[in-house]
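Here chain A shows up in two complexes: once beside chain B, once beside chain C.
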Partner chain A sequence: MDPAGVFATSFEADAALIRTRKQWLALALFALLLIALPWLIGPRLLAILTVMLISAVVAVGLQINTGYAGQINLGQAAFMGVGAYVAGALAAGWALPFWLTIPLGGLAAAAFGFAFGLSAVRIKGFYLALTTIAAQSLFHFSILNLPWFGGSNGVTLAPASLFGFELSSDRSLYYLCLTLTTVMVCGAFGIVRGRHGRAFIAVRDDDVAAGMMGINVVRTKATAFLIGAFYAGIGGAMWAYFVRFVAVDQFTLFHSIWFIAMVIVGGMGSITGALIGVFIIKAMQETFVTLGPSLVSYIPSLGGDIVYSVMNVFLGGVIAAFLIFEPRGLMHRWNIMKQSYRMWPFPY
Partner chain B sequence: MIFDFLNYLINGALVGLLYALVAMGFVVIYRASKVFNMAQGELVVFGGFMVWWMIAQVGLPLSIGLPLAFAAAILFGLAIERIFFSRLAGESVFAMVMVTIGLLILIRGLILVLFGPAVRPFPIVFPLKPIIFGDILIPRSLLFGGLITIVVGFGLSWFFNRTRTGLRMTAVAEDHEVALSMGISVKRSIAFAWALGSALSTIGAVIYLSGKSLSFLASDIGLSALPVALLAGFESIAGVLLAGLIVGTIQGLVTAYVDPVVGGAVGSVFPFLIMLAILFIRPTGMFGWKIIQRV
Partner chain C sequence: MTTAIPTQSKADAVLPALVAEGLHLSFGGIVALNNVTIEIRQNELVAIIGPNGAGKTSLMNCLGGFYRPQRGRILFCGEDMTGRREDAIARAGLARTFQGTHAFPSLSVIENIMVGRHIHMHSSILQSFLHVGWAEREETRHREVAEEIIELLEIESIRHRPVGTLGYGLRKRVDLGRALAQEPKLLLMDEPMAGMNTEEKEDLARFILDVREARGIPIVLVEHDMGVVMDLADRIYVLDFGKQIADGSPSAIQRNPAVLKAYLGERGI
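Let's look at the complex of A and B:
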């Protein structure tokens, strides 16, 4: 719903994502803030922020797959891992530049995800989710046993370089990730309001009805997996350049569940929601990790492991609480608030 | 040579029965509430820790400690139902599955908070000495466990297919709303399912861990049992026994004969390959209800 006095007079205006001057202003300020941040905060916060940007790409992919197309995906971390490993192996083995390895990593992950999306030909719903668990364990197994990925030693790669510059400092990595994330997020906004996005939503809401309307349901589901896995792969490749050491235990079923938690908390079916979810979950994680040790030093009887476990309890509780009390996530809550603010003082 | 083969075969089959027991936890919860419980492995670990706590920590004898541990596990299952699932009756499958995923993390965290990540020696419930026939060694815990599994399996199968209460729960598994309109209490059915599910998991924990070491990582058995439940079809309880035997023997033989050749953990990934194959070829499993829609 638009604020009072804003009426779309053309189709372009009605389809626009940013509808008022104030929204443009807010977006510009936010972009400026993101660009200026590396000079405002310390290296630790900057690293956290970079991880957030990387996770944002993966979570947005999951949002398209799960939130828009309605396919539960418990293997997003495996898809991310495929991207990371392929990008890492290409960079380490063939010394390809990062602007080739990152898209290639994304494509490899997309192919892997597409293979699992194709199982939609035979099964749907929960059974389809099970194949993604199998994807997780197959990924683990193949990475450790295929000859190109260094087995359990992982892959170590050189920093990304552009025109002879090494992108190894915190700031340059941040800008690299910021650029890629911006591109991917803009792409996601485009996808979900285009033809494919509408097909995704139709399939999510009722796949039988969607089929009746002439949507190729199987192809749509497989496409959703393809796109979701592509995003995961790009995120994985960014991760590879960020940590410069890829190991198989960075992409477990547990990480997949974290991504699902981000999407649930932020709000299903909203790209912005995915971004908010990433921010909140990652911020919570980091708060626990940062505050934990100091808390333990005050009360030594707690022990150091308690931080990790309390974080788990908290996360599990948050997922369950959101599903029970606000299944549509924070974004939905925010939209309700915004709407009632715009309506005020009228009830509707 | 032939004795080696027999050894692998029998042990594989017995491990398969253990998987079947854990898978039975999945199936029972599914069969009575239409919830697919991803946190089954966590329930096993929780049951294991209850047994460990009662016997090794509090120091109760087995005859008192085990029943108390079962009571605690059942109460835990009921608490889960009360806190989470009684609010979700009639919700979409998606929400239910996601809540069990949340539970997976929650219970794991809870176990870590309560008991810590340290590896503990699990009390010896079944004597450690294996039974020996000539050259064949059979671990006692697995043998007794296998027998218990078979008895429990047929008992539950009879309960769900022949008794009035069991059939009521089956109705809940088919459709919450229809069951409600027939005057069946969905909440009670779900509560019973979770109590039964956690009791079964505790039996599983006792058999699996007896005399071994216990840590939160033991929950991996939940995922290993997934292919068994899938092969049987999520609705069939007796079928789980057969599926467990099949998956267990195949996995045992693959671990014994293929792993040394390939030099990797084919045995551990093989159940998942079986799972993928089932999903593609026959998603309802061997004995499942044929209601899976495909598009």
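Let's look at the complex of A and C:
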């Protein structure tokens, strides 16, 4: 709901995402901050931020697939891996430029995801989750055995370059990722507020009624997987250019579960929620990675492995806590708080 | 009250809106529909009644494409629809409202109605991705249609409320609005009055008549509430144990011995 005194006077204004002058101002300031950040923070934080941008694309894809269309997907990291490997192999083998390999990586992942989307047509819920885990093993097995991806050696690729200018510095990579993430996130907002987004939610809420409304349920589910995997593939291709070395163990089931955690913490069915989830989970991970070694140096008897295992225990705890106390995520809570603030002092 | 009382003459050149011929549907040994034949003419409000388990909802599900009859065929505006999938039938112009509530709970009222516009919208994923331009203009165009329906059903004040937070009567109204947004050539309503209080029933009956007047489409009503059926329907089909036992005007049905037997049993047992 809008603040008191703000009324839409046209259908366009009523459908707008940014509705008040203050919201425009906040968005502009946030954009300025994102542009200025590389000059304000050190290289380590900048690298973390770039990883957040890459994860944001993947998580937004998962949000569309799982949050909007309700198709549980535990193979998002595999889809990301397909994008990373295809982009990496095309760049290393054929020396294609990044503005071709990144979309092609996305398309390859979309094709892979579409195949699994077709299985979602017949199975739901728990069984679908198991099927998408199969995507994870299939990815692992194919990459190691197909001839084009360097087997267990992985793929090493040259930095992206644009008009002879090499995008290898931390800052240039950050700006490349920022641009791509902005485009993908804006696109996601466009998809979910249009007819396709409504069809996704309709299929999630009540697929029988959705079919009776003329929505092709089969095609809608497969499309959701296709879009989710495309986003993962784009994220994977960005990842390939960021680390310039692609290996299978960067895309395990664990990574898929981290992505699910991001969507749950941020809030199912909200693009902004996915972004917030990425920020929180990644920040948490990095805190563990940073604090862990110093903790071990204080108490050496703990051993180095403790960091990784504590992180996973904590992840499980966070997901469980959210599912119990805030199953609809932070965005839902935020919306409730915003509404009661605007209603105050009236209860409704 | 009504716009056009259908003519019974043989010379009527207008195709019937829907013809179902010899429908047969059985689940294992249970025969849900046994050689049921119905015909819905243009602009007609037809009620289908019958005791519990008579096969009314099975018939609806066959017409909507949710079940496939084992025998018989369904002609919709002259086109054979037998065995087509439900979304294909919906795109051909058949809309239905559901028994209970099947409105999408997490979407707002306006979004629910916009889902009904889905089949009339054409923007591709890529156009939606870009949003600005074609997709946005299309949204606005269809939003205008949706707003007309909201006005017709008098739900302006709740248009942005999620349907999950609304009461039962309002949800049923949204369900009707969503079906109207499809601009159907025929509207099927499966027990619209079930579970409503008298006031809500009166409201909904008024909206059904409003819809009939505004759209001039044939409406098929499956209903248990005899008061509503007798007041609204032009013609009534009666089913019992999957068989069609009578059809005719409300006053004729009320006096039909076969119908009385089905509902009340035989005298002198």
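As a working rule, the second predicted complex is superposed on the first by the 347 of 348 C-alpha atoms of A that agree within 3 Å, B and C clash if a C-alpha of one lies under 4 Å from a C-alpha of the other, contacts with A are read in each partner's own complex, and residues count from 1 in each chain.
Definition applied: contacts are C-beta pairs under 8 Å (C-beta built on N, C-alpha and C of every residue); 3 or more make two chains touch, one makes a residue touch a chain.
The structure displayed is predicted, hence computed values, not measured ones.
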{"item": "When chain B and chain C are modelled together on chain A, clash or fit", "value": "fit"}
{"item": "Contacts of A:Ile280 with chain B and chain C, given as first, second, both or neither", "value": "neither"}
{"item": "First (chain B), second (chain C), both or neither touched by A:Arg195", "value": "second"}
{"item": "Arrangement angle, chain B at one end, chain C at the other, chain A at the vertex (C-alpha, nearest 10°)", "value": "80"}
{"item": "Comparison of chain B and chain C by chain A residues contacted", "value": "B"}
{"item": "First (chain B), second (chain C), both or neither touched by A:Tyr127", "value": "first"}
{"item": "First, second, both or neither for A:Leu96, with chain B first and chain C second", "value": "neither"}
{"item": "Which superposed partner A:Ile319 touches (first chain B, second chain C, both, neither)", "value": "first"}
{"item": "Chain B versus chain C as contact partner of A:Met213, first or second or both or neither", "value": "second"}
{"item": "A:Glu12 touches, of chain B and chain C: first, second, both or neither?", "value": "second"}
{"item": "After superposition on chain A, the shortest CA separation from chain B to chain C (Å)", "value": "10"}
{"item": "Overlapping contact positions on chain A, where the chain C interface meets the chain B interface", "value": "208, 211, 217"}
{"item": "Chain B residues within the chain A interface of the complex", "value": "36, 84, 87-88, 91, 93-95, 97-99, 101-113, 116-117, 223, 226, 230, 262, 264-266, 268-269, 272-273, 275-276, 279-280, 283, 292-295"}
{"item": "Touching residues (chain side chain C, partner chain A) in the complex", "value": "64, 66, 85-87, 90-91, 95-96, 98, 102-107, 111, 114-119, 121, 123, 125, 128-132, 135-136, 138-140, 143-144, 147, 160, 178, 182"}
{"item": "Residue ranges of chain A in contact with chain C within the complex", "value": "1, 11-12, 14-15, 186-187, 189-191, 193-199, 201-202, 204-206, 208-217, 223, 227, 269"}
{"item": "Parts of chain A lying in touch with chain B, wherever the complex brings them together", "value": "70, 72, 74, 119-127, 129-131, 133-134, 137-138, 140-141, 144-145, 207-208, 211, 217-218, 221, 253-254, 257, 260-261, 264, 303, 305-306, 308-320, 323-324, 327"}
